[in-house]
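The same chain A turns up in both complexes below, where it pairs with chain B and then with chain C.
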Partner chain A sequence: MTSCTLHIANDFSPNPAGRYDTDGPFSGQAFREQLLWPAIQKCDEVTVDLDGARGFGSSFLEEAFGGLVREHGQSLQTLKAKIRVKTAVKTYESRIWSYVSDATKQRRR
Partner chain B sequence: MERLVADNQAKSRHTRKLRRKAGKRLWSTVSPPQRLVFHAGKKTRVLFERFERSVERSLAGGVGVVIDFSEISRLYPCGLLLLMGLISDWRARFPGMLRARYPKDDLAEQMLQHVRVLQDLGLAARKEITHNDVNRWYYLTGSNVDTGPFDGFMERVAELAGHEAQAGLYECISEAITNVKHHAYQNTEAEGWWAFCTVSDRKIFVAIRDRGATIPSTLMEKQTTKDRMMLRGLRGKRADPELIASAVGGRTRTSLPHRGKGLRDMYQFTKKSANSELGIYSRNGYFQYIPGRDRPESSGMIEEPVKGTLLLWLINLTGETS
Partner chain C sequence: MSWLSDTATQYKDVAIVGSWALTAIGWFLNARTSNQRELRKEVRKEIDDCIKAAYDLLQLTKDYYYDPERTHDAERTSQIRFDLQRLLTRIERLSGRCKKITGSYQLGELMDRLTGDDFDTVTRRVLVPRDERVRAMEQSVHALIDKLEDGFLQQFPD
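Showing the complex of A and B:
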């Protein structure tokens, strides 16, 4: 079983912000397309380490993780089996899974 | 007496005519309020709006304006951000028609120089910025969702208020400037946001403004919102307070289910931090959350429309009522 770790502050930016590529350099879409989705395709288990970044706005988190459902056809179950969220701020983890869950529900409608 | 006034008016008209004939510009002097503040209440807003109208009227009539800062005694971030937006707008629409006079007050001059207002109005930067009340303010600006300019401020917040408060504030600020990008400048080439921030061991203050499409105007692009306002008998600017309040409750122009979290997140964060305040001004409406009042949430109308949106946060770190 292969596993990868993405440390957002080191591998992407300590200042993640915005939703789309057009918003700015360190958006949720950019993180998903450049790092997260390639890692999911490559590895059986992906650890996303959020610690060390300044913080995460809802636009960034929703587009990075909810976007996996909308843009890459992933489901909540598949993603839960693949992604491990590492963070000292527990609310980030619950928010990420609620965004994924909302995006899944929305796709079903 | 009436005749004297009429004579003077005639003389004044004659002088203006002669100056115009000679190709010389006419100048009028307009003083901003001594306390440059917007958010403090209706009285201060009226004074600010009177100043704005007076400058606008002169410029539109082809008369140049000397903004006389000499009597200014106190500057507040909300007033200063609005003034800077107005000056930028006036300079673009009426090039070469604005000048200024230095403030007598040393602190006021340092501040106006620090944010480049004096230089933009053609005055030399003649002060060394030494005052702590000037240096403690971070003045930041940008045109996209890049929070890099906030680095120094965020580090200071983490030092004084801890990582949790810093992370919460970062979320709100990044969402605020994401909102600017998504909503305010959706249909225009112009863009940009301006911010003033400061932090002490007692409080954090952040003011952000943009000059793009307002919250009410973007919400009213949706037919369902228009219909809802019509049903409630709210037309034109009378709907603005209600529209801003509904944006705080999570309603957005796009109505996409994964959008519209920005203002709601800011509001929730403010409510969670004891005795913290939030003010949102956009076009002719405002929404305020000020705990300790009978009704902490209030909304209402403002006479002169704010061009764009002004957000004001006060995060109280002591838990005491401000």
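Showing the complex of A and C:
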């Protein structure tokens, strides 16, 4: 079993911001397309470490994780089995799974 | 008369032990009450600080949404994200310390209302004070404050 760790502050940006690529180079879409989705394809388990960044907006996290459902056809179950969220701020983790869950529900409609 | 002397000695021993036990219990209860009072004071101050931080964060966020010039104000949005993270961390720590002070749902709502949708994007819509989204932001701050206050009352009922 292969596992990968993505430390957002070190591997992407300590100041992640925005939703789409048009919003800047460190948006949720950029993170998902450049790091998160390739890691999910390559590894059986992906740990996403949020600690060390200068805070996260819902827009960034929603696009990064909810986008996995909308743009890459992933399901909540698959993502829960693959992704581990590491963070000192528990609200971030609960919101991430809530975004994935909401995106799954919207896709079913 | 020796039985009388023995009984008196036994009572004396019990009285000595009893007085020590009462002193210890009194000391324990006093220390416990004093610690509880200190904890109450500390938690009250932390809640007041969190409430102020939530108000300040709301104001900072509203200024960002009201001002058309702030769409590309990375410093402002970065500050909002940072302050939000500080507030989340403080409240989560408080919840860890006092089990009856919770607010995880309200924190999530607050985070989404302030930094969701088009926050930090180039398509950000400029808001006016009577906008529905501004009302939702204010509501989420109210809900969080109410939850903290309710938790405080449950944690320290007297």
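Here, the second predicted complex is superposed on the first by the 109 of 109 C-alpha atoms of A that agree within 3 Å, B and C clash if a C-alpha of one lies under 4 Å from a C-alpha of the other, contacts with A are read in each partner's own complex, and residues count from 1 in each chain.
The definition used in the following text is that a residue touches a chain if its C-beta (ideal position, glycine included) is under 8 Å from a C-beta of that chain, and two chains touch if they have at least 3 such contacts.
Values in this document were obtained by computation on a predicted structure and should not be read as measured data.
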{"item": "Overlay on chain A: chain C relative to chain B, clash or fit", "value": "clash"}
{"item": "Partner chain in contact with A:103 - chain B first, chain C second, else both or neither", "value": "first"}
{"item": "Contacts of A:57 with chain B and chain C, given as first, second, both or neither", "value": "both"}
{"item": "Which superposed partner A:25 touches (first chain B, second chain C, both, neither)", "value": "first"}
{"item": "Touching partner for A:17 - first (chain B), second (chain C), both, neither", "value": "both"}
{"item": "First, second, both or neither for A:66, with chain B first and chain C second", "value": "first"}
{"item": "A:90 touches, of chain B and chain C: first, second, both or neither?", "value": "second"}
{"item": "Offending stretch of chain C which, after superposing on A, collides with chain B (from 2-10, 38-46 or 74-82)", "value": "74-82"}
{"item": "Residues of chain A that lie at the interface with chain B and also at the interface with chain C", "value": "15, 17-19, 22-24, 54-60, 62, 89"}
{"item": "Contacting residues of chain A [partner chain C, same complex]", "value": "15, 17-20, 22-24, 54-60, 62, 88-92, 94-95, 98"}
{"item": "For the chain B and chain A complex, residues of the former touching the latter", "value": "144-148, 150-151, 154, 164, 166-172, 174-175, 177-178, 181-182, 257-258, 261-262, 265"}
{"item": "Sites on chain A touched by chain B in the complex", "value": "15-19, 22-27, 54-60, 62-63, 66, 70, 89, 99, 102-103, 106"}
{"item": "List of chain C residues in touch with chain A within their complex", "value": "74, 77-78, 80-85, 88-89, 92, 104, 107-108, 111-112, 114-122"}
